[in-house]
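One chain, chain A, links the two complexes that follow: it is found with chain B in the first and with chain C in the second.
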Partner chain A sequence: MSGMSKIVKTITSIAFPFVMIYGLYVILHGHLTPGGGFQGGAVVASACAMIVVAFGSIWTMKKIKENQLSILESIGAIGFIVFAFLGLIILFDNSGIFFKNVFANSVYLFGQSVEYASTTANINTAGTLPLMNIAVGLKVIAGLFVIVLVMAYASNKIKERGD
Partner chain B sequence: MTMRNAAGVIFFAIVAVFFIFSILSLHPFGDFGEEGDKYYLEPKMDDYIIDNAQNETGANNAVTSVVFDYRGFDTLGEATVLFTAVAGVILIFRRLGK
Partner chain C sequence: MNGVVDWLILHSPALIIAIPLLGAFLTILIGKIGPRIRNVFVIIIMAITSFLILLLVNDVFTNGIRTYVFGGGSTSIESSYAIRILFEIDGLNAFIAIIAAILPIVAIIYSWAFMKEHTGLDKYYTLILLMTAGMLGMILTGDLFNFFVFLEITSIASAALIAFYLDKQNSIQAAFKYIVISAIGALFLLFAVALFYGQYNALNMAVIANNISFTFIDKIALVVLFAALAMKAGIVPMHMWLPDAYGRAPASITVILIGTTLASLYGLFRVIFTIYGKYLFSFDSTQMALTLGVLIIILAVVTIVIGVFMALKQNDFKRMIAFAAIAEIGYMFLAVGAALSTYTFERGAAIISASGQMALKGGIFHIFNDALDVGLLFLVAGAVYYAAKETSLNKLGGLARNMKYTTVFFLIGLAAVSGLPPMNGFASKLIIYQSMFQINPLLTIVAILCSILLLAVFVKVFYSVFLGPKLPKFSGVKEVPKSMLIAMGIIASIIVFIGLFPNIFVENIVTPATNALQNATSYIGGVL
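Our next item is the complex of A and B:
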């Protein structure tokens, strides 16, 4: 027996997907609307923290282990570094630049250009920015969720042991 | 010196060289421009970003273009801080939870 009452669990089950979708929207539209990887990742991580509070950390720990979240966070970090190093690997005028936005204003993915003072939301723009937003978002989701989950689980275990 | 230490020193040297070359290509700090310029008596940098962010990065959100493109190093540091925090929390609380 863990977690809170049936009312809280039901409301959490209803609210969770909407909070999740809003956070993912903030991450994926980071280059068009206010927000980005950090902010959207915090929203999604707070939805996951809501699950931890309502259903209990032991139930959540059965569903997902902290090792898996740690791997997810490392994938986000490596992705961010790789997109940063693309600017050094792909040369412009015989010189590479760290954090150069290599896909902006090109023919590749997210490569369409934007007029000055344009307010039209075209998601296929901004080069590496959406990719970096996704990598950082993944990193923040996994990082904040694993901090909440591991702390709650450890305090639960200590209370059970009685010391 | 062991093999592991040597690899660490070599990696550190490579990263340091990257950082030094990046610093050399930065704009000068607090550049106010000269008389007759468009942005005289204002810092050039913010007006430059307002005027050129959409053309250069293709992002409608200028804040994201600054955070992830013009000042990507800052975001790299933030990501490193988060990674260190997660590593420390798991290191401490995994032993307590056993």
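Our next item is the complex of A and C:
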């Protein structure tokens, strides 16, 4: 696959940022709206898959290597587990527990408490959950993108060898 | 110092799952530095996990049932709020967890030399750790949906590992078969979970066990769960994936696969004895226990007979051991089925008779022995393959001259798996024979005959692989590297130790497990 026509490439270039932003929105608002790390990550990965389809896997492979993506995926997974460990490690006394939401209702990041009223949703709440959503999102983006990229690249190679 | 140990024991149920998971994803990053550092790292991660398992097991055997709630909150569950992730460890979980502590570390030590020539080892070790985490999750969890999730993790990781020899057509075929069977089994399980959730509004095993009223839907769920878990455990009508998967995977992977199979078997026992325990063994349904027991006995006898006879006609070393492994699973199943069939109602409670108790003990004991015996044989088969690059029994021969230690390890495994003294297989099989004789002599006869046939199978293997004239094409064969010998040595020494002192083992580890198996009330009491 050496890329599609100029029309498709142009439309993809216009649509890509919008899809990307929407996916990132779903990831970041995971604790407030439907969806979360996995769903948003899948949206972003589909934007990346769109690039692969429009510009061809060989062009994309020149821009980003599957090795880098696999490292990114590992970092996402490690991030998730590290956030789970934080509950255990930050409260080193016996009140700490694995997966405990230590940042909720604290002064730190995402630390505000939720108000009991029909107010506008506050993104700065829910403690560890948004962080975990981001970690899962990172893993899903990298994982799905690398699957699509490698499969497209490999089928391209097989086709070349067949000719 | 004591504080740290207490802290570790307190959080060990979570750490046992979390440390292999963290290690799995770190392995990819550390693999970029160098293969030697990565191997050491993986061994350290697994050693820490095994150490934590032993700490937890020791704690459970001394202080009773342990529960751990992820994310905090009180350990007890009110029926209105029964959805949370909770690990509950009693004697039975702890017993199976010991197996899961031994097998992966042995497999990883073995892989050091065994897999050295292959590429893609970063992913190999990552998947091994993932598979171990999944297996441990299946064993420790107290939540039925969680069990399904860990089952899926284990299945996907193992399918990828079975297909590790990508250049061979057969291994991909075996992996495909495995993933299809696993997916069917897992979907069955999910269906049963949905049936429970629809009725009792709960996913926690203890809560379901407490509320179960044995409606028609519960009977369907029992059938579905039984079929799914028996399929994953390799009971005969559903065994077709097992010889392929065991035979085609690298030997180090097969050893962990045995652990996952036994974890599924544990799930089956947990379902029968705990989730359905309260109703199945009550006064008005002892008939039900008898029916279930007879069904299990029939399946077990078929499993043993078919496993042994299929093993007799195999020409491939690993495939033959795989069929022997099926037969061994039949023995555990037989003992448990016989114990179920002896339930009687006395003094206001359903009780297993003394011989049934004994049979249950033998069956549970045999789970442990089977994992070690069959694991050792697979490691030996892997060593033979590593040295001679051949698994066909017709082409091998005369290897005892070049591979002294491996031959000794094979002899230990042979004696253990066919139930010869003084190995551990003798200890558990003798308990099974004795107790079974009081329940039904015919079953004992079948069991002993098949055990003798198993001996015949392995003597044939011993002769055709290790004895016989020196073959010119194997003249350059050398003894396998140290790491593989160490791995086999660890298992062999445990086998001999248990064989020489079975009493210590039965009294301290097996008896708590059988007591926990029969005591559904205390499992429920651990949560409610």
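The definition used in the following text is that the second predicted complex is superposed on the first by the 155 of 163 C-alpha atoms of A that agree within 3 Å, B and C clash if a C-alpha of one lies under 4 Å from a C-alpha of the other, contacts with A are read in each partner's own complex, and residues count from 1 in each chain.
By definition in this document, a contact is a pair of C-beta atoms (placed from the backbone, for glycine too) under 8 Å apart; a residue touches a chain by one contact, two chains touch by 3 or more.
Here the structure is a predicted model, which means the values were calculated and not measured.
Taken together in the superposed arrangement on chain A, chain B and chain C clash.
In the overlay built on the shared chain, the residue A:I78 is in contact with chain C alone; chain B does not reach it.
Contact with chain B, but none with chain C, is seen for A:V140 once the two complexes are overlaid on the shared chain. Looking at the superposed arrangement, the partner reaching more residues of chain A, out of chain B and chain C, is B.
In the superposition on chain A, contact of A:N101 is made with both chain B and chain C. Looking at the shared chain after the overlay, A:L88 reaches both chain B and chain C.
Looking at chain A, you'll find residues 70, 77, 81, 84, 88, 97-99, 101 touch chain B in one structure and chain C in the other. Considering their complex, residues 30-34, 36-38, 66, 70, 73, 77, 80-81, 84, 88, 97-99, 101, 104-105, 110-121, 125-129, 132-133, 136, 139-140, 142-143, 146-147, 150-151, 153-154, 157-158 of chain A touch chain B.
Of all residues in chain C, only 7, 10-11, 14-15, 18, 21-22, 24-26, 28-29, 32, 68-72, 85 touch chain A in the complex they form.
Listing the residues of chain B that touch chain A in their complex gives 18, 22, 25, 51, 54-61, 63-65, 67-69, 72-73, 75-76, 78-79, 82-83, 85-86, 89-90, 93-94, 96-98. Residues 70-71, 74-75, 77-78, 81-82, 84-85, 87-88, 94, 97-101 of chain A are the ones touching chain C in the complex.
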